[in-house]
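Beneath this line is the structure, given in structure tokens, with notes to follow.
In this document, chain identifiers A, B, C and D correspond to the written order of the chains, with residue numbering beginning at 1 in each.
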């Protein structure tokens, strides 16, 4: 493989950093990535990609947990104020964010490269490097604290580089800029909309590292993450005066408390790790009124799909029984779901060799599980079910804090490494 | 009314004490009052009463919560060894204890006098007067700690005295020596067997007092006690190895724990006092096995029948929902039930006047509730439903400790007072 | 007593209705009764009363649970916009609402008449009569749903009438327009600020009735209400990633759920009714984060002060143990408290006779408990402790719905009745 | 190595089967292995071993959870009746069961071979092969359902065989017939009594297999089992009458229910599997009495010692807080404990090669965890801490049911395989 594209990528490093910082300044959470998607679409269009947006990316019937209309409206207005192109905005009406860029190069395999684009509902730490260097989040209470700003920059760098080497590519490249990864909603929506059908290879990556990590390496683990189901539960009871007629109420908070204790007490699985969390609770209208509505946001996880399903089914049964116990009802809504899938070992090995041959150091940790969830697994599952192959890898970088923490930042010199990894993988698979 | 019968009763005092102590020595719990019933039947027969026993007193289909066959067998053998007449024992086969003595005196109202006869599963305190005076319980773990031994002595004294004055009586007297009052099973069984049908007056009494109480008075309260439902619940799950496959079990103990917390948390009633208790629990086969069976003994109470029903229905729903919550099932068995009924005010007033006229001091506390349950209420309810009248009163006596305590004893000089109260009441109502 | 003042009061009826509707239009919740207090102060001043406001009514150290600064600020601004006098507003800086009007008439007893003035956080029902007749609440989410608008009108009518008959009064009248009754905070603050010291008689009243109630009668019950303690609890834990390191968190929601189940399960009291409610809950920052903060608003009640104290102490122990159970801490803040006090029977009887002699029908129900809480009891307790007398009574009126319900309204022809009751009582006690 | 000893072992097969069936007939649970130990001691003595018994095997201060005196007495009497030698019985007074046989062969390493000897509290299934072939358990409610009868037979076969080849051994062999493995008590006691001090190699084995397993192979896994802590908790409260004065009680069952829900709800660990179980519960004296004592038997487990310690500490905190929550106290007693230790990889490999060279097929599964607990790990830990090596392996056999099930039986042709494995290991390590 030709080293000249690597040299060109290295020269793009300052541009990649600038791009990343632009996205960092305007973080947007799941299904409101309006400015983000508009910028991506603009760049892909300019580069010459065929661009899909809005309901082309994600069919309405395939989407879980869309935000309320007023939240969408506010986010669109903010995106407009922050420079999003109105035409692109129009195409995302209803919160159908995300962009797919397609490059068709004749016969050959279809290769999908996936980059997740959403930010977190998190307030950036004071004293963050972004303060000193001018890229602090302009959107209060929202932050790129999981490195997706870097993923977008890598994706756009890859888009540029692949155009440079397009003569060497045979087949089709799909660059999937996926919304709503946090909460495990976006990948399922893209998959169910059919975009992974017929794909032979799918690749994804995540920034990773601690303060001591040497930037510039690639780590390949098992690719296995935890399967997960996210769900909301709303208990409905009947209000009554807590002093005069508590027996005339149906206490939704008593039901919720019974449910919460029951949920955490779901018996552990004997052969696969499991997790459960009830992250938020809101309920009640007044101190002396029997509480008639409680809302929970919860999730379960499992090292295997079976263990996750065990947790989910048990959890739903507990929610319903706890409601019934106190004469209440409960509405349960699935708010996200990711499966547990392993990398195709042959592809992991093939890519490791290619990268090493190009001078990119690779850490082979093929047995290592990542005890978080990643909705890339939905894409990997669909591709493998069709006989295709998948690989999820890590772009190592010195990071200032753990993922999802208010002080998180990464060493931007990892951006060219990420671009090189994707580009050389595409060249290998489409040669 | 003639005072001479009162003088005769006073002369019987030593005999009443001796009778009471005989019953105290051989206490027997619910549905195993074999020796007790045999002794009562023997005395009533000798006095000339028409005597009903066994299934004549309590029809098989009317009885709740009979003891296991081996318990009955052991109790019969003990009664035999303690001098019970084998013929009477034979008539109580299957644990149909209790005796009814009938005296028919031509036309006139039917008056039922009720005396409860069962003892408690309690170990008599060391240092009890019974030790020094030779009437300590011979039946380890069983004790007359609720004064029913005194009630029997009063009942038999009344039987003797009524025979003395039978010429002055017009109508029919039924002396009901009722089994299984503790646990609220016996009265319901006697009522459902038809013995209160056609009864115009029903009277009952209980020993009452503290260390400072002046013996020899009568107290009439509202007669109102707490309605109650007693029930057993057995949770059934599935065992599995707690280390290797907890997810393959269905944890009956988790279900029971959820139920217990739920039961005590049933919202209080706004207008009537309620109570709940889970008194005993037994479950599980081994430390490292998921528990597959748990047994609970529980009860609810209410100041009104409606409040008791509210508690019972809520409790049963909780038991079923808690079972379902953990994939278990639950069997619920009603083990006793008493209603809440008030004395007929006119009868309370009529008796108070008669007693006062005969020199028996009366405390009129017609508004006072007793926060315990008494299955006499089932009898009172049946009689009142037929247009009859009922009165439940207290025979005051200096008592050494509270009811149901291991140190309980009463001042036996209250026994003649009790007999006088019943006899003068019968003379009044049947004059 | 002279009937002419009653005739004059009857002629004021339209004015009383107009006053009531003015207060109804601008309801204000506890400690934000800015416009309400300003209007009251204005009228009392015009009538010639000595007027106390702000920290004269309630010393800062005597106040529980003041609202946040921004809430106070918004409420002041709204009051200003709704016509409150800026001078009076200034005197209430910091949320020290409430007004006391004093009329000194030489030697004689001090008589305090108490009128509560706060509204509820409730949205008025659509279709309420206020819609059709133009007095609907202008303050969204706030409503006079407990009749305090009527109480204010009665208080101001009484102020006017007492001035008319001032020559017949001997002693001192204190008209206490008390803030923050809902939540049981205002009376305690007024009492602790010394305003009941030296008072010989204290009277209070509440609107009462159902759709069928005949307007225009007075009902005197026991005066006894439930003692109550209101409290807030905030559980503090430690957040962590729910998938990767739940064991590094301290789960405040698990602690809160354990506490809630424990609170409702506090064993009932054997001799006095009790109540408990956890009315609201808020907690958690994200679905996949171990919840590190949960806020509860709760209350306990008891038919006696002892039973209320039993509930409070048990509740606080549960909150602390539940926190400790999951490695959390909990901050508990008392947010209100009312005692349980009975009317002075002699005063009830004296007033009943006076009212009847003046042609006001009286329902004597001296044994009746009201199963709600009323912080008037704090005033009654202080006066009785000094050897004084108290009476709390009901002004009956046909009401469209229960207290605290969104459809609540009352028959305004009850307003003159209320004024007559207070005025004739003052004339009697100060004659 | 010489094959002739293997031939000799094969000829002993019928004798090994007879031995196993003798032990199977007379199963004895932890710390009551009187007949079992007496038989072992008798055989070892006859073979010429130096024999340790009673407090020589297990010092009194090193033993947890000894049975009650009456249980020990009954078990000794039964053992006597079932033919145990009275002299040996005498030496086990107080329940100090277990036997160590020592063979000293001059200079060389000390090698400990461990065989566990206790049975389970389990009733043998009807239709078990033992019925047809005459070795059914004579001790109702007790059964060798975990293969320890086979382990004893292998141990005694090994004792015989080592004596045959003693000339080839250099060093010291300790044959440890360990009591009380179920419940994780015996190994800790033996280790704390000093018997593993100075040991260079320690080996242990367990029967394993399903219905389809080919008998006659050896499987070597990681040796890693779950660390575990077993504990008993007794909640102490105060009884009171549940209807009249529940507030005067301290409800131990409410405390226990809160604890149970809390225990199962201990947050899962992010990086190591954990387990928890409350296996049994007993409490309460009567339906209408506030429960004042509840006993629980529980256990926690962890894939690592750290995870197990996390569970244990959290569990103990929950027990204490739950007691405090309801005004109760709790006594917690440690009833067993096992660590998590891996085989020494070099020894696993060394033994695998030796066995293969002798014709014993070996399954190498060096990464495989066993999700149960095994107190052999305490011995392995002590030896490794001294720089020694340990290996725990499986003797594969077609088994009719899972371990700890009433239908469990194994293919006795695995017994010679087990003996060969131990003998050839000793010859290798002491050559």
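The rule is short, and it goes like this: a residue touches a chain if its C-beta (ideal position, glycine included) is under 8 Å from a C-beta of that chain, and two chains touch if they have at least 3 such contacts.
These figures come from a predicted structure and were not determined experimentally.
Colleague: Stepping chain to touching chain, what's the minimum from chain B to chain D?
Modeller: Steps on the shortest route: 1.
Colleague: Quick check: more C-beta contact pairs at C-D or at A-C?
Modeller: The comparison resolves to A-C.
Colleague: Give, as an integer number of Å, the spacing between the C-alpha centres of chain D and chain A.
Modeller: 48
Colleague: Nearest whole angstrom, what separates the Cα centre of chain C from the Cα centre of chain D?
Modeller: Averaging C-alpha atoms per chain gives centres 69 Å apart.
Colleague: Averaging over Cα atoms per chain, report the distance between chain A and chain C in Å.
Modeller: Distance between chain centres, rounded to whole Å: 52 Å.
Colleague: Hunt down the residues of chain B that sit against at least two other chains at once, touch-wise.
Modeller: Where chain B meets two or more other chains at a single residue, that happens at 241, 243-244, 246, 251, 254, 258, 261-262, 264-265, 267-268, 270-271, 275-276, 290, 371.
Colleague: Give every residue of chain B touching chain D within the complex, in rising order.
Modeller: Where chain B meets chain D, its residues are 121, 183, 226, 228, 230, 241-244, 246, 251, 253-254, 256-258, 260-261, 264, 275-291, 294, 297-299, 301, 335, 371-373, 402, 404.
Colleague: Per the contact definition, I'd like the list of chain B residues that touch chain C in the complex.
Modeller: Its residues touching chain C are 261-262, 264-268, 270-271, 273-276, 371.
Colleague: Which residues of chain B touch chain A in the complex?
Modeller: 241, 243-249, 251, 254, 258, 261-262, 265, 267-271, 290, 310, 314, 317-318, 321-322, 324-327
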